[in-house]
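To keep things clear, I will list the structure first and then write my remarks on it.
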């Protein structure tokens, strides 16, 4: 079912679907096999406006919100989760900037972000700091008008292709988690280089790189918000981006079904199309129901988020204030639990659906000529990045304990 | 309208070579001229085109109009169309056939407007409607799904571009004579703002499709660009050329230059081997004149299997290697 | 740079059905869309606009429902849209159609100077390829057909490469000029989100034959020089042999033998 509630959202769906049919499908197998980033798709995304969906019109965006972002990501991932990451990771890298940036910083970065002229990426994970972001080793020490950055980030999506990296650094190692800040570091800054390119199970057309910082001098104008509040911005970012991963997972599940159902309808054994065997038909029905449930979960959440996000952005742009501050003023919901629930549920559905679809189609689906095994490989990442399923469970249970603790004595 | 007499054909010359379409037009034109009891005339425009006069006469032209000038060495639409329009205005032909080559399609269209007369595009058959002497030009439309016969009642000449290979080439009768009329090139009238810069010869290796006696063509079933290497192997072994259907071209597996069909080229080889081509009517329109058609297709129900003289059910990636083996 | 792209609404080619008895087109239910060749023309116009600045106007001649193809053009990047609609145009052949389009372009040109007119190579319903060259003939502008590449477009001229059977030719033309393009020239983009939204809101300029100052004695089924007198479904009959054999390999080998037997090799 389409969850679009306005013209813009409907056209985002239509555009993404046309991109899949005309541009992504002919390209996906090749880019996956070659493990190659597609500059052709980058160009197509630019021309069709996929980078600016969620940004204010003042910056050349389309004025949509988290829903538009999620819808595009779902539909593109339905074609290819790897190629979908080009606009997906650029948004992920830029959300913390958009939230925490001053109006000057927004004016500086947003127009090229919206047009897709510049790609963004998010750099949090380090070899010794994944789920535990407080263990970050990358440091940024103030030196006059600059921060001097040293350290290594790894598993960075769209690495090397992106122009701007939102990097979590420690500006005050003595303060631990409270010393973490976000810096925008531009590709080409002296001392900033790329290390190993990872060879991955899935999403192979999106390059995953190691980032190496050796005495990289970053102007202090590239600090987002204030020092020491990095983890706060990261949490807020993940609250908005996890529904995106959930949407991607729904897209992967739907894409797997799109391949599977027509095959089961035409494949005949024992003289009949195998989808008419009830054991198989019922399995498909279950998978379809779970996928639809995931989709409902995602868009109910993002539409609620947009009710707060869109006015906050409008206000911040009109008054030259910081979006993060405008959101705080609205004292809305903390989305952490709901985002985590959506991502947990949908990523598990994606993996289950892809896995079962391969089984349903049988031998042919195990072959690379058939576009199904890729969905299974790609689905796996949704259970891992932006917090594994276990981390999502941590988020949920932490929130639940707090929720019920505060209710104690109410009765 | 009675002042308009004779059947004209445009004898296309490019890069010092008389297009084979000229001889096909002479065949078609001869039938029309005989049925009208009028003369068959050829129009020869270009630079250093005199040597072709004899060819055209021997192949059936009664009169040759020659316009020869350095500025006509290369084809520029306006210049050629102005020359043709002036020729028509002065000599008033009854029917005027041009080849539906790239050059001919554009030239005929522009000339028709300059002359102020009707034009039928890409006809595959032209006849004279006896009662009134009108030209009936029959052509495929809607991608070959429908044939339409088109007339031009009120204006003369009735113009028509004729699809290459729709008619056999006229046979030569050595010693046949004809009249030559020289038409003066007028540098003031026959001009264009467009400027010809240069010709780039096709980089494509191998045999020209139009001349190939054997063609191995691939379609959607080829599945990947590398598949055409296998087709090329077979073509090489048979001394033929490779071609493609629109599906293969649209997928980017092979250049548009190789496309056969309504929106590509028309071919008429002795043997046409269609590999993984379903046989859409648009494709058939470009190759159904082949002497022998072979279809290799996984789908026994594909339309090409019924249109082929020899139908082979099977994966081209299994059938072609077997053929190569057998041909060793 | 002001570029005019000519587009036409045609039946989707794969959905055309012909009544086998009457030979008439069965149009009911057949979906219409932009002539596929025009997609390349429009895309090239949009590319030129992106390179040189300016705007893309799009023009069509057709019945009221042809408005859809203009809105689709805006979704694909056109800025302004003009529709020539008048019963006087109905049934026009290419000579008359190109005349009407040329008059329309003349009027657009009078309001804002036109630099290049771009047409598709042909339409998928009548396959003539006449319109581009004929528009240029009416306007007395230079033209090039079968253009596979715009090599460069400067302030003063455009240099194009056109396809010939034996290679290609480079031509240079000053503005204004007309080109018709083949599909090699580009890969049409997907309709953008912004374009789709603009398409819903664009004001379409609608002109009648009188609006464009067209001479009605040159228009319509009664006045155009050519007419269809007959249409029919082509017949195909072949003597077909199904090559036998258990495996595909066997059939391949058998085929070679059969071709040799029949002196085809």
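Per-chain numbering from 1; labels A, B and C assigned in written order.
Simple rule for what comes next: a contact is a pair of C-beta atoms (placed from the backbone, for glycine too) under 8 Å apart; a residue touches a chain by one contact, two chains touch by 3 or more.
What you see is a predicted model; the values in this text were computed from it and never measured.
Distance from each chain's C-alpha mean to the overall C-alpha mean is smallest for C. Contact counts per chain pair peak at B-C. Summarising the inter-chain layout, the chain whose CA centre lies farthest from the centre of chain C is A. Mean C-alpha position of chain A lies 41 Å from that of chain C.
A straight line joining the Cα centres of chain B and chain C is 20 Å long. Centre-to-centre separation between chain A and chain B, using Cα means, comes to 55 Å. Shared interface positions of chain C, defined as residues touching 2 or more other chains, are absent. Put simply, chain B touches chain C in their complex at residues 14-15, 74-78, 81, 101-103, 105-110, 112-114, 117-122, 136, 140-155, 192-202, 208, 210, 214, 238, 255-257, 262-263, 265, 270-271, 282, 284, 288, 291-294, 296, 300, 305-315, 318-323, 325-327. Across the complex, chain C is touched by residues 7-8, 11-12, 14-15, 18-19, 22-23, 44, 47-50, 53, 62 of chain A. Residues 189-197, 200 of chain C are the ones that touch chain A when the two sit in their complex. Listed in rising order, the residues of chain C touching chain B in the complex are 11, 13, 16-18, 23, 25, 37, 93-95, 98-99, 121-122, 124-134, 136-138, 141-146, 148, 159, 161-174, 177, 180, 182-184, 224-234, 236, 238-243, 247-253, 255-259, 262, 264-265.
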